[in-house]
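Each structure below appears as C-alpha cells.
In the two complexes that follow, chain A is the common piece, with chain B as its partner first and chain C second.
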Partner chain A sequence: MADTQLAQRTRTAQFEGQIRPRFSWFTDRWIAISFLTPTMLLLLFISIFPLVWSLYLSFTDWSVIKDANTAPQWIGTANYLELLTDNRTWQRFVVTGQFVVPAVVIELLLGFGIALLLNRKFTGRGAIMTLLLIPMMLSPIVVALFWRFMMQGDGVLNYYVVNLFGLEPILWLSDRYVAPWSLVIVDVWMWTPFMMLISLAGLSAVPNYLYEAAAVDRAGTWFRFRHITLPMVMPLLLIAIIFRTMDAYKLFDQAVVLTGGGPGRFTQTASMYLYDVAFGQFNTGEGSALGYIMLIVITALANLLIRALNATKST
Partner chain B sequence: MNYEKKSLANRIGFWVVLGIVFFFFMFPLYWIAVSSIKTRTDVISRVPSYIPYTQFQPTLDNYTSILLGTTIESDTGVRASADLSVFRDRLTNSVIIAGLSTLLAVILGTLAAYAVSRFHIRGESDLMFFILSTRMLPPIVVLIPIFLLFSNLNLRDSYPGIILLYTTVNLPFVVWMMKGFFDEIPVEYEEAAMIDGYSRLQAIWKIVIPEAIPAMAATAVFSAIVAWNEFVFANLLNRTYGATVPPWLNSIIGVGAVEWGRLAAASVIFVLPIVIFTFLVRNYLLRGVTFGAVRR
Partner chain C sequence: MAGLVIEKLSKNFGKTAALSNVSLTIKDSEFLILLGPTGAGKTTTLRCVAGLEKPNQGTIEMDGRLITKLSPAERDVAFVFQSYALYPRKTVFQNMSFPLEARKLSQTEIEQRVNEIARKLAIDGLLNRRPAQLSGGQQQRVALGRAMVRQPRLFLMDEPLTNLDFTLRVEMRAELKRLQNELAATFFYVTNDQVEAMSMADRIAILDHGVLQQVDTPENVYNHPANLFVAGFVGNPRMNFLDCRIDKNARVIVGKDDLWRISLTRSLFEKVAQHKGGGEAVFGIRPEDVELSNEAETDMIRAEVYVVEPLGDRTIVDMRLGSEIIKVKVAPNFEAASGDSLGMQFDSERFHVFDKSSGEIII
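This part shows the complex of A and B:
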C-alpha cells in the first residue's frame, strides 16, 4: 500500500520536476545549515547560556532580591566551601540517596517480575499492558495528588489499615520514618511500568532457540534464567536503570505535593533544598553553587552507570 | 512458551498474580475517577464506597462546578478553601502552551534531525551528544538563570516565554527520536526522486515528510505530554498570566480544607487527554520513553 503511494509520488516527480526544480539554488550545504540553526540557537540561548551564567553566579554572593541593582560580587569558591562544610547539604543528599536507591531497586525488581509474568500470550494482553503503562505518562503533580488523597489521615488506605488489619492509622505523610517510604511507594507506582516496558522489550528479544537448546540439555528453570534470560536482558535493564536513576535524583514535584519536605526537613531532597536556597532565601549565588554540586554528582553517577553498561555489552 | 500447554494451576496462578498487579496500578486511578462523581458528604465519608448507584448516588456537580463555575447547593455555609473557578482559564492556557510549544519543537527538531541524519556533518556524534546532554540536566540547575533571563527580557508571565522554554526542553527529544526514524527511511527514496528532477526540498516535502508523519505524530504526543505535565518552571515563571494547570493543582492543597471532589474532577479532566494519547501512541511507547534508544 505504502509502496504504491510512493511509486506514484516518484512518478509525479518525473513530470513536475523536469521543467525546473524549484529552490535549486538551495544547496545541501545551505539546507543543512538552515535546518540546524534554529535548534542550535534555542539550545544555546535557553540551555547553555543559562548554565554558563549560573556557573559565574555560583562564584558570587549575588542575591536577586537584595542586590537587584548592583553587580555580583566575586567571592571565589566561598559558596562551594560553605555548602560542602555544611551538614545540611550532606543531609539533603542522604535524603535523596535514601529515596533513589530503594525506589530504583524496587521498580527494577517489580517491573522485571511483572515483565516475566506478562511475557506470554493471553487474552487482553495489549489492553492490560497499555492500562498498566498509564501511571508513567501522568503528571507527577497529579500522581502525588491522587496519593495524598489516599494517604491522608482519614483516607482510604488508613480505613483498611484500621478495619482490615486492626492497626493504628499510619501517618503516611507526617511520620518522619514513614514519609520517606511513602515517597518511594508513590514513585514505585508511577515508574514500575517504565521498568516493565523496557524489561518486556528485552525478554521478547531473547531468541527462542536458546531456550530450546537449554531444554534439550535438560537445564533447570533457574539455570535458564541465570544463564540465558538475565545476560540477554542485562544491557537493556542497565539503560532503564540509568534513565530512572537520573530521573529519580531530580525528585521535586511529587515530594512538594506529598510532604512539602516535611515533617521537619526529613523528606527535603537536594532539588527542594536548592529551590529553598534560591527562591525561599533568595541566595542566588549559593543556589547556583548547589546546582553545580548536584550537576557534578549526577554526571559522575551517570558515567559510572554508562561504564557498567559498556562492560556488559563487551562481554 | 505456549500458553495452551500450561497446567490449570499455572493458569490460575497467573491470573491471580496479574489481578493483584492490575489492582495495585489501577486502584488510584479508579479511586480518583469515582471520587469525582461523589457529593461532598460521600467524598469525606470515612467508609469508602466504590460502586455508583448501589453504594452512593453519583453526581456531575463537581464537573459542572469546575468547568462552568456554578456553586453546589451543599456549599452553603462551607468556606471554599481556594479559588476553584480559575480552572477553566488554566486549562485553556495549558492547551495553548502545550500545543504551540509542541508544534514548534516538532517542526524545528524534525528539520535538525533530517540534517543530522542525511548530511555529513563534522563531529556529528558530538553534536548529538551535546543535544542530548542539555536534556539530561536537572531542570532545577538552570532554573535560577532562566528565571533571571526571563525577568530581564520581560518573558515571565507571558505565553512566548514559556512556549519557547518548553520548545527548548523538548527539542533534544524530538531530534533524537526523529533522527532514529529518518535513519530507517531509505535514502534511495529521495535519491530516486531527485534523479527524476525534484530538488532536495521538494523531495523532503513530497517524499520524506509523508513517510515520517506517523513518527512525527508520536513524537508530538510525547512532547505535548511533557509540556502538559511540567510543573517546576511553570510554577516559578508564569504566576499571574499564562499560568497552567499543574501549579494550580499544587496551590489548592495546603490551603485549608481541600475540596477533594472538585479537585478529583479537575484531575480527571486534566488526565483524560493523556490517557487517550497513551492509547494512541502505545506502539511507540518504548521508543518514546527511551529517547529512541530502544527500538523493537
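This part shows the complex of A and C:
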C-alpha cells in the first residue's frame, strides 16, 4: 500500500516535471486571448474600422470615385447641415415612417390575433403553423419578385379586381397613393408570421392556473385578456415590435425590386436615398453623414421602445 | 346550507381512469380533507367540483342544486391553488378586489371588504405590493384572502400549504382551522400530507388510484382503518405488517414460525367467522403498540436491534426479526444500540388483521 502510493507520487512528480516548463505560460488567460483574437481582428477590419473611418468621412467632401487619389478635405459639419436643411432628406424619412408605422402595427395586430387563435390544441396545428411560417423563411428578393409579378398591371391581383369586383384595374406599383401601401402589404405578408411566432411564445408561457383562477373568480373573456394575457405577453410583444421597427426602418431590397422608389420618389425610403447618395452620385462624405443621421434616429427610437419594455418589467 | 354531494364521479384522461365511482358527501360547515398519495385523483376531484374539469360520469350537487354542468363562474365556489395563482401585475389589493369587481360591487363596498379580510389575515400592510415582492407565506394569505372576500360558502383548496416551508406550514395549519371555525364555511381541502389531514380535518376522505378508500373522522381513520392501504398510509412511521393466519381455535398466529399467537375474544372471533376469507391474512400493528424490554420475559419475542433513530421527542427502533423489520416507537430515554437483543411484545388489544387478497380489514 505505502509502496504503491510512493510510486504514484514519484510518477506524478516526473510527469509534472516534464509538462510544467513547456506549457506553464499557457494559462486560462492566454487561452482566452487566443480564442478571442481572430474574432476581434475580424471585427476590427469589417466593423470597427469602417465605422470610425465613415464617421471621419462624414465630415469631409470626399468621393470614392472622384477623389480616389486625393486626401479627404475636412469641411466640418457642412454635410450634416446640408442634409438636415434639405427638404428631400425629410421627405425620405416621412416615406419611411409612412411605411414603418402601418406595417409594424398591422403585423402586430394580425400576428397576435393569429397567435391567439393558434394557442390551443387542435388537429393540424403543426401543419398550419408550418404553412404560416413559410413567408418569413423566403428571401426578401424572392418575395418582392413574385409580388411584383402579381401586382403588375395585368397581374393576378388586378385580374381579381376586374373580374370579381368589376372595378377598374389598380396601379399597385405605379400610383403615388397606392404604391406605398403595396410595400406595406408585401411586408405584412412576409413578417406577420414573425409577430405570430413571438406572440405564441409569450402566450404559451402564461400559466394556465391564472386563467382557471380567473374563471372561478367570474372574470369575463375581455377581463381575462386585458388583465392576464396582455400584461403577461407585453414584454415579448415589445421585443417583437423593436425587432420589426428596426428592420422595417431600413427597408431597401423589397422596395428596390417592387417600385424602385417610384413613382417619382414617392416610395424612396431613407435607405434607398442613402444608396443613391453614396453609390449613385458617389458623394461618399455626404452618404456617410446620412448614414449617421439614420443611425441616430433608429437608436433614439429603439431606446424609447426599450424604455417602455423596462417599464412593463418593473411593474 | 353549503353541503356538497358528489355522486358516482368518474373521470378518465384518455385511457387512464383518474377517478372511478367516487361518492362523497360534505356537510355544511364541515372541514373535509381529501387525503391520498400523488396521482390518486385528489386534485381531479376538486377540479371537477370547481368546474375546471368535466367528469365523464356522475353528478355534483351543492345545496341541493345540480351543478355538474355549470361553468366555474356559475358555481359560486372559491378555489385556492397550490401555486396561489395570483395575478402577477396586480397589487395585493387589486388581486383581492378582482373577484368583487367581476361581480360589479360598488367601490366603497369593495374597499371595505378587502380591508376587513386583509386585517383578518394580517396582510393589511401589504395591500400596495405586488405578488413578486411577497414571501411564500404572504402570497398564500393573499390567495386565501382573494377566496374569502367573496364570502363563498364552499372553499376548495388544492394543497395550499405544500409550497410553504415547514415552520410556516405548521403555523398556517392552526390558522386555517381557526379561520374555518370563524367563517363557519365548508372547506373541501386536498393534501398528501397526513399530518395536515389529521390536525385540521373534521373528517378525512382517503383516495387511492381514483377509488375512495375510507371516509371518517381522523381518530377513526387512525384507529380503525378500513383496509391495508389506509392502515399503511396514515401514521408515521407506518404500521408494521406481518403475514399471519387464523386457525380453527380462534387464534391469530403471526409470522412463519409461529412467532406470536393470540387467542381472540368471543366478539372478535365472531367477526372473523363472518369473514369468508381463506386462512391467509396480514397482521398489522402500529409502532407505538409494540413494547420493548431489556428484561426478557418468557412470553416475549426475542429480536435484534437493527437501527436506532432518535427523533428528540421519541425514538424509533428498528427491530430485525428474520427477514422482517419491525419499527417500534419508544420513549426518547430508551437506551438501545444496534445489535442488542431485546424482548418485544405486541399490544394484545391494539392490532389489526386484514384479508390478504382484498386488503379489507377483518379485525
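The rule we apply is simple: the second predicted complex is superposed on the first by the 289 of 315 C-alpha atoms of A that agree within 3 Å, B and C clash if a C-alpha of one lies under 4 Å from a C-alpha of the other, contacts with A are read in each partner's own complex, and residues count from 1 in each chain.
Everything below uses one rule, namely that a residue touches a chain if its C-beta (ideal position, glycine included) is under 8 Å from a C-beta of that chain, and two chains touch if they have at least 3 such contacts.
If you're wondering where the values come from, they're calculated on a predicted model, not measured in any experiment.
**Student:** Overlaying on chain A: chain B and chain C, fit or clash?
**Tutor:** Once chain A is superposed (C-alpha atoms), there is room for both chain B and chain C without a clash.
**Student:** In the overlaid three-chain picture, which partner chain does A:V256 touch, first (chain B) or second (chain C), both, or neither?
**Tutor:** After superposition on chain A, A:V256 lies in contact with chain B alone.
**Student:** By residue count, which of the two partners contacts chain A more extensively, chain B or chain C?
**Tutor:** If we count touched residues of chain A for both partners, the winner is B.
**Student:** Return first, second, both or neither, reflecting whether A:I141 touches chain B, chain C, both chains, or no partner chain.
**Tutor:** A:I141 sits against chain B, while chain C stays out of touch.
**Student:** According to the stated criteria, A:P207 is in contact with first (chain B), second (chain C), both, or neither; which is it?
**Tutor:** second
**Student:** Identify the partner contact of A:K121: answer first if only chain B is touched, second if only chain C is, both if each is, neither if none is.
**Tutor:** first
**Student:** Please work out whether A:L51 is in contact with chain B alone, chain C alone, both, or neither, and reply first, second, both or neither.
**Tutor:** First partner only.
**Student:** When the two structures are overlaid on chain A, which partner does A:W191 contact: first (chain B), second (chain C), both, or neither?
**Tutor:** In the superposition, A:W191 touches no partner, neither chain B nor chain C.
**Student:** Report for A:Y292: first if it touches chain B alone, second if chain C alone, otherwise both or neither.
**Tutor:** In the superposed model, A:Y292 contacts chain B only, not chain C.
**Student:** In the overlay, answer first, second, both or neither for which of chain B and chain C A:W172 touches.
**Tutor:** It touches nothing on chain B or chain C.
**Student:** After the two structures are laid over each other on chain A, how near do the C-alpha atoms of chain B and chain C get, in Å?
**Tutor:** Minimum over all C-alpha pairs of chain B and chain C: 9 Å.
**Student:** Do chain B and chain C land on any of the same chain A residues, and which?
**Tutor:** In the superposed arrangement, which is not itself an observed complex, chain A uses no residue for both chain B and chain C.
**Student:** Mind pulling up the chain C residues that touch chain A in the complex?
**Tutor:** 50-52, 71-73, 77-79, 81, 83, 85, 87-90, 98-99, 102-103, 130, 146, 150
**Student:** Which chain A residues qualify as touching chain B in the complex?
**Tutor:** So the residues of chain A touching chain B come out as 2, 5-6, 9-10, 12-14, 16-18, 21-24, 26, 28, 31-32, 35-36, 38-40, 42-43, 45-51, 53-54, 57, 64, 114, 117-122, 126, 128-143, 145-150, 154, 156, 159, 189, 192-194, 197-198, 201, 204-205, 208, 211, 236, 239-240, 243, 246, 249-250, 252-253, 256-257, 260, 271, 274-275, 278-279, 284, 287-288, 291-292, 294-295, 298, 302.
**Student:** Give the list of chain B residues in touch with chain A in this complex.
**Tutor:** Counting only chain B, the residues touching chain A are 1-3, 14, 17-18, 21-22, 24-26, 28-29, 31-32, 35, 44, 46-48, 108-109, 111-112, 114-116, 119, 121, 130-131, 134, 136-149, 164-165, 167-168, 171-172, 175, 189, 192-193, 196-203, 206-207, 210-211, 225, 228-229, 231-232, 236, 246, 249-250, 253-254, 260, 263-264, 267, 270-271, 274-275, 277-279, 282, 285-286, 289-290, 293-294, 296.
**Student:** Given the complex with chain C, which residues does chain A contribute to the contact?
**Tutor:** That would be residues 207, 209-210, 212-220, 223, 227-228, 231-232, 315 of chain A.
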